[in-house]
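Please find the structures below.
You will see two complexes here that share subunit A, one where it goes with subunit B and one where it goes with subunit C.
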Partner chain A sequence: MYDPTVARLTYRALLGRRRALILGALPLLLIVISVVVRALTGADDQTASNVLGGFALATMVPIVGVIAGTGAIGPEIDDGSVVYLLSKPLKRPTIILTKLIVAIAVTMVFSAVPTLVAGLILNGNGQQIAVAYTVAALVASIAYSALFLLLGTVSRHAVVFGLVYALVWEALFGSLVPGARTLSIQQWSLAVAHRVAEGDLVTSDVGLTTATVLLVAVTVLATWYAGQKLRSLTLAGEE
Partner chain B sequence: MTTLRIDHVSRWFGNVVAVNDITMTIGPGVTGLLGPNGAGKSTLINMMGGFLAPSTGTVTLDGQPVWRNEQIYRHIGVVPEREAMYDFLTGREFVLANAELHGLGAKAAQKALATVEMEYAQDRKVATYSKGMRQRVKMASALVHDPSLLLLDEPFNGMDPRQRMQLMDLLRRMGDEGRTVLFSSHILEEVEQLARHIEVVVAGRHAASGDFRKIRRLMTDRPHRYLVRSSDDRALAAALIADPSTSGIEVDLAEGALRIQAVDFGRFTALLPRVARDHGIRLLTVSPSDESLESVFSYLVAA
Partner chain C sequence: MTVERPTGTPVTTAGDQTRIHNIGYRSYDGPRLGRAYARRSLYSQSLRGAFGLGRSTRSKVLPMLLFAVMCLVAAILVAVTVTTKAKDLPVEYTRYAIIMQGLISLYVASQAPQSVSRDLRFKMVPLYFSRPIETADYVRAKYAALASALFILTAAPLLVLYVGALLAKLDFADQTKGFAEGLVSVALLSLLFAGIGLVIAAVTPRRGFGIAAVIAVLVISYGAVSTLEAIADAQNNTAAIPWIGLFSPVTLIDGVQTAFLGATSSAPGAVGPDTGQGAVYVLVVLGLIAAAYGLLLRRYKKVGL
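Our next item is the complex of A and B:
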């Protein structure tokens, strides 16, 4: 179910110079913000939670997820080079699962790791806040990667749809319409983080059980469906 | 023996019919798929390669369905028309990746690179390759698992004459080895030089199939033109015009040759050498001046 060659090709495509720069920009910004905030306000749990919840988890993780998830397959489908994978005796779900693993790994490295570093800078993991948000970032990395990999498989405008979901649905509607928050990977991952953190600084609108079920369901269904879509992917000619 | 069967295949995109009820059988040797741009060649090749589902009909390789059957790629090598091919890899890395995806290793990759004579540039990034070099590396990636069916979509596009000749030699060799090689082209000379067997597609329909000279001969209502040079053009012209197989002869002074229009192909080809011998005339040149695919093609399109 995992093909090392597909993984190698995907890593090299994802971490090509330009995309690596974009992937690295937001984590760098988070670290810079954390250093500045810590210098200005000192170690404060509430501030740490605000920065990690408001910027790291709400903005950086989904954007990194969009870039890695859609980037793991979208460009190949767009430019047609996916034909070199499809013209092989490889099971299509194997291609998808391998790309998912790569996308998850890249998203985790570029979102969970900087979240932990930022948390340590902000308040030295007081009240387990750094670890809690890191766990949330890790969990969210899996679901975002699966969802955006599916988007990359079915749509040529995956990046746009991905950003609309991450920024408009989760951030905007999530803050205006309470119900929208229930259908949000961010909230589900916060439910997991809530369990890890001490105190009530990390909260979620969704219960842990519901969150876990939804996270698993989205990941599994998106991956399965992406595999099905790849089985019947049509390569249109240039005519 | 590998036989690709296309059985009553149609493909439409919305209201547009790209391929209309085509049935053909492609066997070992080199077959040219000929048609003007937009005739449906790429659509057909995509269906042959299992990258597009026919709207109706079936495509099978030795009885096995091609669509949604990834195991079929153990027998198929594909050279797509599109350029994109993991430009960040070197030629060697690209072919090796293709070998690995078939469960093969560096040895198979190296052999394929040697076959297309790309070893000299194998350590350069694909991004730096010329069109012809890309085409050859694509070819190597398609040959790496020694497939019995090779599908090439417009393989000669953008190649210079020398590269074109090299690739033609390679494809000819593949055909002679007993592989089933199918390539598409909208350029008649390419098909004429390489394939004895052609399948002509015009506006999504199967217009003709077979040896192009035979197809040409079948069109008896269209006169055949020949350019003939001899030791005595005027005497030859006088002798030929007496026979009903010849409908017109022009003495082309500028060319120093006869332009002969024959209405009965079979009879004329038997008549010409006989008449020459009987009159003691030496034939210097006999060349069909319109038996190019261009004329076959324009005739088919008009028909």
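Our next item is the complex of A and C:
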């Protein structure tokens, strides 16, 4: 279910040339901000939680997820070179699963690792905050990658839809309509983080059981459906 | 490829001595419309394209939806004002674009790449420059088109608010002043956002990547700046807030209008720049717009070949 060649090609597509620089700019910014904040305010658990929750988990993880998730398959479908991949004797679900693994790995490296580093800089893992948010970022990486990979196979405008979900649904509606938070990967991953963290700095609107079930369901369903979509992929002409 | 026709008898009449080959095409002798016309056409096509007009139905969905939501929210605000018989609109004219910045960013991110990335990807740019237009014409037309589209997107809801306010018989002079200030502010915002969007989109031929890069720059910079501002506010370090605001496009516009256009700042604690700092804000905004234009010119000098 894992093909090294497909993985290598996907890595190259995601991180080749200047793309790694752009992906790397976001984590770098997070770390710079953490250093600045630490220098300005000193170690403070509430501040650390605000930075990690408000910036790392709410903004950085979804955007890295969109870039990695849709970038793993979207450009290939877009320029039609996916037919060369599909004409190889590989199962389509294998292709999807390989690309998913690569996307997850890239999202984790570029979002969870910097979250941990930023957390350590901010308050030296006081109250387990750094670890809690890292776990949340890891969990969210998996779900975001699966979801955005599916979007990449479904639509040519996957990046836009992915961003609409991440920015409009999770950020805007999530802050206005409480019900929208139940259907938000960010909140599900926060529920997992809540379990890890000591104290009540990390909170979520969703219970742990619900969150876990939904996370697993979304990941599995999205991956399965992406495989199905790829089996019956038709290459549309450029609009 | 021209195929030379075998000529039985070589043409030897005196007038045709210089003609090597003639397969009978007629040359165009109608009016030549020239550079200004080509630039105008490129502008109007790009402007229409920014709202999906003249393109497929699928590409109309997002810009039209964003436009509708922008106006709809304004209409709801007007309806609230009318039914509650309020003395003033619930939202200032200058504040509206700041509240709706997410949608505006999405619009820039989706339309800037569609305006320039596909020309790069299908190697259309040299074809443009085989017409009478020059690099500067292409850049100016594209920049003006996206800025105009953004202006339409951001000024239309202000117009809705203004007309609604007048119908609700709010104070005419007061509302007109607010409306005019709002228009100046969204004009600046349109130029700034269009410049940033186009510079990023012109670097990559991949549309999807362009979208993500534009949104990352707009949203991440705002996220970072507002996080830092909130922390500075919590530390009672309010003097630092206006300086932090210089680092993201939205807060730049917010600062300019707070200093000069009678807006209340949306920064935490409503701490806006004073007049001196406001001048720095204006300089940075104008500098960014000029830099965007310069970078685009440089970029197209290269890809136009």
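Descriptive notes on the structure:
Quick note on the criterion: the second predicted complex is superposed on the first by the 235 of 239 C-alpha atoms of A that agree within 3 Å, B and C clash if a C-alpha of one lies under 4 Å from a C-alpha of the other, contacts with A are read in each partner's own complex, and residues count from 1 in each chain.
In this text, a contact is a pair of C-beta atoms (placed from the backbone, for glycine too) under 8 Å apart; a residue touches a chain by one contact, two chains touch by 3 or more.
Just so it is clear, the structure is predicted and the values come from calculations on it, not from any experiment.
Contacts of A:Val113 after superposition on the shared chain: neither subunit B nor subunit C is touched. In the superposed pair of complexes, A:Gly16 makes contact with subunit B only, with no contact to subunit C. In the superposed model, A:Ala7 lies in contact with neither subunit B nor subunit C. When both complexes are overlaid on chain A, the residue A:Ala105 reaches neither subunit B nor subunit C. Residue contacts after overlaying the shared chain place A:Ser232 against subunit B, while subunit C stays out of touching range.
When the shared chain is aligned, no partner comes close enough to touch A:Val154: not subunit B, not subunit C. By the touch criterion stated above, A:Gly74 is placed in contact with subunit C alone, subunit B being left untouched. In the superposed model, A:Ile31 lies in contact with neither subunit B nor subunit C. Note: residues 239 of subunit A belong to the subunit B contact set and to the subunit C contact set alike, using the contact criterion stated above.
On subunit A, the positions that touch subunit C within their shared complex are 19, 22, 26, 29, 33, 36-37, 40-41, 47, 50-51, 54-55, 58-60, 63, 66-67, 70-71, 74-75, 78, 157-160, 163-164, 167-168, 171-172, 239. Put simply, subunit A touches subunit B in their complex at residues 3-6, 8-9, 12-13, 16, 79-81, 83-92, 231-239.
For subunit C in complex with subunit A, the touching residues are 55-56, 58-59, 62, 102-103, 105-106, 109-110, 206-209, 211-213, 215-216, 219-220, 223-224, 227-228, 230-232, 234-235, 237. Interface residues of subunit B, counted against subunit A in their complex, comprise 18, 37-43, 45-46, 49, 51-53, 68, 70-74, 76-78, 80-82, 84-86, 88-89, 97-98, 100-103, 141-142, 153.
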